[in-house]
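By written order: A, B, C, D, E and F. Residues from 1 in each chain.
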Amino acid sequence: MRLQHATWQEVEAYLAHSTGIILPIGSTEQHGPNGPIGTDSLCPEAIAWALGERHGVLIGPTQAIGMAQHHLAFPGSLTLRPSTLVAVLRDTIESLAHHGFTHVFFLNGHGGNIATVNAAFAEVLAERSLGREAAGELHLRLFNWFAGRRGRELAESLYGEAEGSHATASEVSLAWHAAPQTVRDVILSPRLAPTGSAQCDARTFRRRFPDGRMGSDPSLASAEHGARFLEAGVEDAWEAYQAFVTDR
Amino acid sequence: MRLQHATWQEVEAYLAHSTGIILPIGSTEQHGPNGPIGTDSLCPEAIAWALGERHGVLIGPTQAIGMAQHHLAFPGSLTLRPSTLVAVLRDTIESLAHHGFTHVFFLNGHGGNIATVNAAFAEVLAERSLGREAAGELHLRLFNWFAGRRGRELAESLYGEAEGSHATASEVSLAWHAAPQTVRDVILSPRLAPTGSAQCDARTFRRRFPDGRMGSDPSLASAEHGARFLEAGVEDAWEAYQAFVTDR
Amino acid sequence: MRLQHATWQEVEAYLAHSTGIILPIGSTEQHGPNGPIGTDSLCPEAIAWALGERHGVLIGPTQAIGMAQHHLAFPGSLTLRPSTLVAVLRDTIESLAHHGFTHVFFLNGHGGNIATVNAAFAEVLAERSLGREAAGELHLRLFNWFAGRRGRELAESLYGEAEGSHATASEVSLAWHAAPQTVRDVILSPRLAPTGSAQCDARTFRRRFPDGRMGSDPSLASAEHGARFLEAGVEDAWEAYQAFVTDR
Amino acid sequence: MRLQHATWQEVEAYLAHSTGIILPIGSTEQHGPNGPIGTDSLCPEAIAWALGERHGVLIGPTQAIGMAQHHLAFPGSLTLRPSTLVAVLRDTIESLAHHGFTHVFFLNGHGGNIATVNAAFAEVLAERSLGREAAGELHLRLFNWFAGRRGRELAESLYGEAEGSHATASEVSLAWHAAPQTVRDVILSPRLAPTGSAQCDARTFRRRFPDGRMGSDPSLASAEHGARFLEAGVEDAWEAYQAFVTDR
Amino acid sequence: MRLQHATWQEVEAYLAHSTGIILPIGSTEQHGPNGPIGTDSLCPEAIAWALGERHGVLIGPTQAIGMAQHHLAFPGSLTLRPSTLVAVLRDTIESLAHHGFTHVFFLNGHGGNIATVNAAFAEVLAERSLGREAAGELHLRLFNWFAGRRGRELAESLYGEAEGSHATASEVSLAWHAAPQTVRDVILSPRLAPTGSAQCDARTFRRRFPDGRMGSDPSLASAEHGARFLEAGVEDAWEAYQAFVTDR
Amino acid sequence: MRLQHATWQEVEAYLAHSTGIILPIGSTEQHGPNGPIGTDSLCPEAIAWALGERHGVLIGPTQAIGMAQHHLAFPGSLTLRPSTLVAVLRDTIESLAHHGFTHVFFLNGHGGNIATVNAAFAEVLAERSLGREAAGELHLRLFNWFAGRRGRELAESLYGEAEGSHATASEVSLAWHAAPQTVRDVILSPRLAPTGSAQCDARTFRRRFPDGRMGSDPSLASAEHGARFLEAGVEDAWEAYQAFVTDR
C-alpha cells in the first residue's frame, strides 16, 4: 500500500496491525551520459513499491532530493544541504511517530545520503535521550538497496569491476527497468570511468570525473538486467525490513 | 521532459534555449473518507507531467510533503515545519540558480503551502537584496492549480457550493484520474462537510471537521471529471507559466 | 490599555476577564517621495491605540520592522529575513500563551508581512499538533487594516484607481494623520506610478518602480482623509477582533 | 530625525553627510508594582528622540521586546530567545550596512539585553572576519543609558541605595516623564525590595523577588525627576555617540 | 576528579553527594609574540585541574575553542560563531542537567566569551521559563579567572599598567607555568602595546594591534609568576564556586 | 607542534611550508566499568600529539565532546546534537581555511561521530559547490584510529572476539597508557558484554547494554598493550595523513 494512495481511514486500519513503514529516499543528480538524473530515486522507489504490492507494507512518499553537493557542477543536479535534509527527516519521522509508527525504515538509493540520514536519526533520538520528548518506542533504520547481498552478487556476476561506484551499471539497469523512457544508447569514452574519492566540492569532482561516472561502465546496463536487480533488491530489502521490525 | 528522466547533457542542452522550470509541490495529508492522502501532490504532478509532454518544458521532482500541521490528528498526514520547508525550497532554488535557471515556477496543489512558499521566495531574494549573493537574474512564481480560472469555472459548473475548500470534489476527481487505483466508493455523512477556518492546531481542526473534509461533497467526484480538470489545469498553468517567463 | 503602559498587576487583572490581545505589526520601508518610512507601522499602531482607548482591549508593542527585502534598494528600508520574523513572532506568541492569552490578533500594515506571519502561525501550531507542546487553547489571527471593507470603500470613493498598491493614498493619509510631522508636499512624477509585481529582489523592484510607489498617486493624500481612514480602520478591525474572540 | 518619519530621499540626503544612526532597544517586562511594563523601551526611546531633535542624528525604530526570560513569571512580560534577538539585530545591522551606514549605536534600556546584543555584534562581525562578507567599514556600539556618568550621579544623589537594580527609581521616573499616563501611586511593601542575582529562570526569579523589584524603592520616583534623568541621559548618550563616530 | 578520567560509576557516586561541576572554557587565538595560542584555555584548565585535585570537585572537559572572531587576521586563531557556541553550551548543559547536575560553573579564560556564555545561559533558561522544559533546579555561573580579586592584586603588584588587556603578562605567566614548553624569549616592540577597543572585525583589530597584544608588556611574564597566579586563581575560583553552590 | 602551544608567528611560518593540520576529535561518554569517560578523546589525542612530536605536523585542539546521545542513560556522558557538532566543525574548518589551510584531517576516536563529521564536511563543501563561498582549494578527511590496519591486527592478535565494539579492550588499553591515572581494576560481569545495535535512544541502549560495554571484555586491557596501540595508531594515522596531503 502506498501512503499517497491510501485514505486516512486505511492508514488507521493499517496501524492496528503494523506500526512499520518504508520510505524511499534518493537524489536528483547526474548519473553520467546514459543514466537518468533521477536514478537514485527511481531505484529504491521501484523496490519499495514492489514491496508494498507484494507484502502489504505501507510505503511513504519518496524523498527525491538528497545530499548531492559534489554533483553540482553537472547541470540538473540538485542538493539539499545536510542541515536541511536533517530537518526534513526529523519532521517526517516526528509526524510518523505522532501517529504511532514505531519502525521507520528508509530505503536509500544514494551513497551521499548515508552520513546525513544517520545524523538525522541521531538528531531525532537525542531529543528523546535528553528527555525533551515523550519516550514512546521509536526505531530507525537505513538500508541501502545497492549494498544488499543479492544485488551485490548479481552486479559482480554481470559486470565484475566495471560495476564502479557511481552511475553504476546496476543502478542504471534498474532505473531503465523502472522507467523505460530513460533508456539511452550512448557511446562512453573511456569505457571505464576513472576512480577516486567523491568527498570533495563540485568543481573538484568534475575535474576528477569528467563525464560524471565513477569507475563504472554503464554501457553494460540493460532494462532486462534491471528486472533482475529489482527482484534481488526486493528480496534484500524485505529480509532487512523483516529483521528490523521483529528485532526489539 | 522530466528532470528525473533526463541526463545531465540533456539538461545542458535544454538550458541553451530555456532557463525556466516547473516544480510540482503538494502535501501528504488526509483528504477525507474517499480522497487519497497524496491528492495535493498527485494533482499538480499530473498537470506538470502533461505540460512537460505537450510543451517540452522541464519538470522537476515533486515535493510531496508540505506544510500540513493542521491535519496531523488524522493518521498518515505528514508535515514539514514551515522553517523546514523554507530551507528545502531555498536549497532547491539555489541549486537551480547555480545551473543558470532564471525562472522557477512552483505548481502547487495545497493551500496550506502558500504562505510558506512565498516566505521561502522572500528568504532567497533577501540574500540577493542584502548583497550577500551574486545578483544574477532570478524570478520565482507560485501558481495554485486549484485557483486557475478554467478549473474554477469547471468546478462551479459541476459542483456549485458542494465543491468546498478541502478534500474538494475537483481535486479528488483529478487525483482519481491521475491514479485510478485510488478511487473509493464511500458513503459520506453528512453529504456536505462543515465549513470554518483551517488556521488552527490539529486537535481543533479535527474537532471542527470530524472526517477531514471542509465544506465539500467529494461523493460527486469522478475520474471522468478528473480528466476534464486535468485539461483545465494544463491550460491554466501553461497560460500562467507563459506569462511568467515572458514578463521581465 | 497599552501593554507598555500597564503594570504587571494590571495585566493580571485584565487576564481575569479577557485573554485576547492585539499586536500592531508593520514595516520600516520606503513609501515613495511623500510617505514616511514608518507608514506601515504608524497606521496599524494608530488604529490599535484607538481600539485600546475606546474598547479597553490590551494592545501589545508594535513590531516596527517587517519583511521588506524588496525595498532594500531605497535608503532607510530595513528588513528581517522571513526566518527571523518567524522566530520573533514565535517567541512573542509563546510568551503570551505562557501568561494565558488564548487569542492573539495581529493588526498588520504591510502586505509583505502576510506570508511570513501566516508561516509563523503554522510554525507555532505545528509544535502543538506534533504533541511537543502542552496543548492549551491558542488562536491566532492576522488582520490587514488596509483590506477592511470600510477602508476599502473609503479609498475607492476618494481615489478610485489612483489608490494603487504601495505608498497608497490611503496609507499615506493615515500616517500623516497619526504623525502630522510627516506631512510632505512633494510633486510626484508621474502622477500615477507604474504597476507590476513586487515579488522580486530589491534591484528589480527599483527598476520597476523608480520612486518606490506602485500604481498610486499619494499626492491625493491628506491628514483629513487620514482621520476618516482611522475611523474606518477602527471599525473594521474591531469587527474582525470581535468575531475572532467570540468564535470558537 | 526619526527614521519612521523620514522619506527615503531624506535618508539618502542624511547619508551624504553622516553614516551614523542610533537605535533604541529595550524590553517588555514587569517593572514592579508602579513601573510600566514598557519602562526599558520608553527610557532609551525618550532619550533617543531628544537626541534626534536636538542634534539631527537619525533615530531608528525602537526594538521594544528584548531578552527577558527571567521575568516571565509576571503577567505581560515578553521575551525573545537570545538566538532570536541575535537574528533580529543581525538583519537590522545588515540592512543598515547595505545602505552605507558605518556606525550603528544601540541605546539600551535593559541590562538583560547586554550579553545578547554583544553576541549579536560578534555574530555580524564574524562573517566579515571569516571573509564571507564584503569588508566595508562597520562599527557597532552598545550604550546603556542607565550606566551613564551623569545619570548615575543623579540617581545616587536622589536615591542613594534605594535606587536598586531593577524597577529602579531612576528608570521609573524617566518612564513616567516620557509617558505621564503611566504614573501610578502604589504602596510598596517592603519599601526596599530584596537583592540578589537575576541570572536564573523565571520561577526562581519570582521566588527571589516577589513583586518584581530588585533592591529598589521606586516609590521615590517622580515625573519631575524623570525630566532631570532625561537631560542627564541625553548628555551621557550624546557624549558616547560623539566619541563613537569620531573614533576610528 | 576529572570527568575524562572517571568511570560512569564514579560519576554516579559523585552525584550522590554533589551536583556541582566546573567546566573550563577558553579560546584558541593569538596571544602576541610570546604567548601561546592556547593561553586562554591553558589558564582556566590549570586552575580547574588543581581544584579537582585539591577539593575533589568534578572537572568537565575544556571547551578549547571560543568566540574569537576579532583575532582571525592572525594565523592559527580559530573562532566559533556566537550562535554555534550557544548551541555547544546548551547541549552540554542539557546533558549535565539530564544526569542531575544542578550547579554548572564555567571557569573562563577569555573575555571574548563572556557575552556569548551569558547569552547561552539565557537560551537554556528561557526554555524553562517558557514552560517548554521540565523545571528541575538549574543554576549557571560564569567566573572569569582573570577577574578574581587575588589574581588582580597580584597582577597589579607585579606589572601595574603593563598588565594590559590581551596577551597580558599574567595570563602568559600562567600559561608558561601550566605548559613550560610554551615559554618563548622574544623581544617585544614596542614594549607596551597600544590600547583600544576589541569590538571590531579582524582586519580592524590587526590594524589597531599590529602584533596582537592589547596594552600589555608580556616580556615581564615568567613561569615563576605563573605558579603564583595559579595559587591566586585557585583561591579566587574556589571561593566563587563555594558561594555559588551554597547560595540558593 | 601543538597549535595550543605555538605562537601565531610560528603558525605563520608553518603555513609557509605546509597547509595541512590534524585535529583530534572524540567524545565524553561512558566506557563501561573500567574505561574512562574520556577514552574516545584520550586515544586520538595521544596519537595526534605523538605525530606532532615525531613528524612536526601541526595538531589542533581536541574536540572532546562528540555525538553520544545513545550513552546519555549513563551518568557523565555528554552529547552535542548532530546539528551542533556540524556547526562546530563548520566554524573550525572555515577558520582554518581562512588562514590558508587546505588539508584538514580529523583523527577520530568515536564511531558515533562518523556520520555527523561526514555530514559536516558536506555542509562546508556545499557552500563552495553552490558558489556562495570563494573557491580556494579545501580537502577534508576523517580517519578513525580504531579502524587502522595495524591497530586492527594488533587487537585481533591480542583479544580476538573479546575486542568488541564499544569500551573495547584496545581503546581502554590506549587510554590507560595515555592517562595512567585512569587504570581501574574492576571485575566485569559477564566477562563478554552483549552485542547489538547502538542506533537507538539512550534508554534502549542501556537496556541492551547494562554496564555500557558492547561485545567487549576490557578486563584484558593493559597500559602495556596501550603503548603498542599507540605505536600502531601513529603509523596507521601517519600513513593515512601522508596519503591525504599528497593526493590531489
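By definition in this document, contacts are C-beta pairs under 8 Å (C-beta built on N, C-alpha and C of every residue); 3 or more make two chains touch, one makes a residue touch a chain.
Predicted model, so just to flag it, every value in this text is computed and none were measured.
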For chain A and chain D, chains touching each: B, C, E, F
Chain labels contacting chain C and also chain F: A, B, D, E
Far-end chain from chain E, centres as C-alpha averages: B
Interface residue overlap between copies chain C and chain D, same or different (over half shared): same
Size of the rotation, in steps of 5 degrees, that lays the CA trace of chain B over chain D: 120
Distance from chain E to chain A - Cα centre to Cα centre, in angstrom: 46
Approximate Å spacing (C-alpha centroids) for the pair chain B, chain C: 29
Chain B: positions in contact with at least two other chains: 72, 79, 81, 83, 95, 98, 129-130
Listing of all chain pairs that touch each other, if any do: A-B, A-C, A-E, A-F, B-C, B-D, B-F, C-D, C-E, D-E, D-F, E-F
Chain C residues within the chain A interface of the complex: 129-132
In the complex, chain B residues that touch chain C: 67, 69-70, 72-73, 79, 81-83, 86, 112, 114-123, 125-126, 128-130, 135, 138-141, 199-203
Chain B residues touching chain F - in the complex, by the definition given at the top: 94-95, 98, 133-134
Chain D residues within the chain C interface of the complex: 2-9, 11-12, 15, 28, 30-38, 41-42, 60-62, 64-65, 72, 74-81, 83-84, 87-88, 90-92, 95-96, 98-100, 179, 181-182, 184, 186, 212
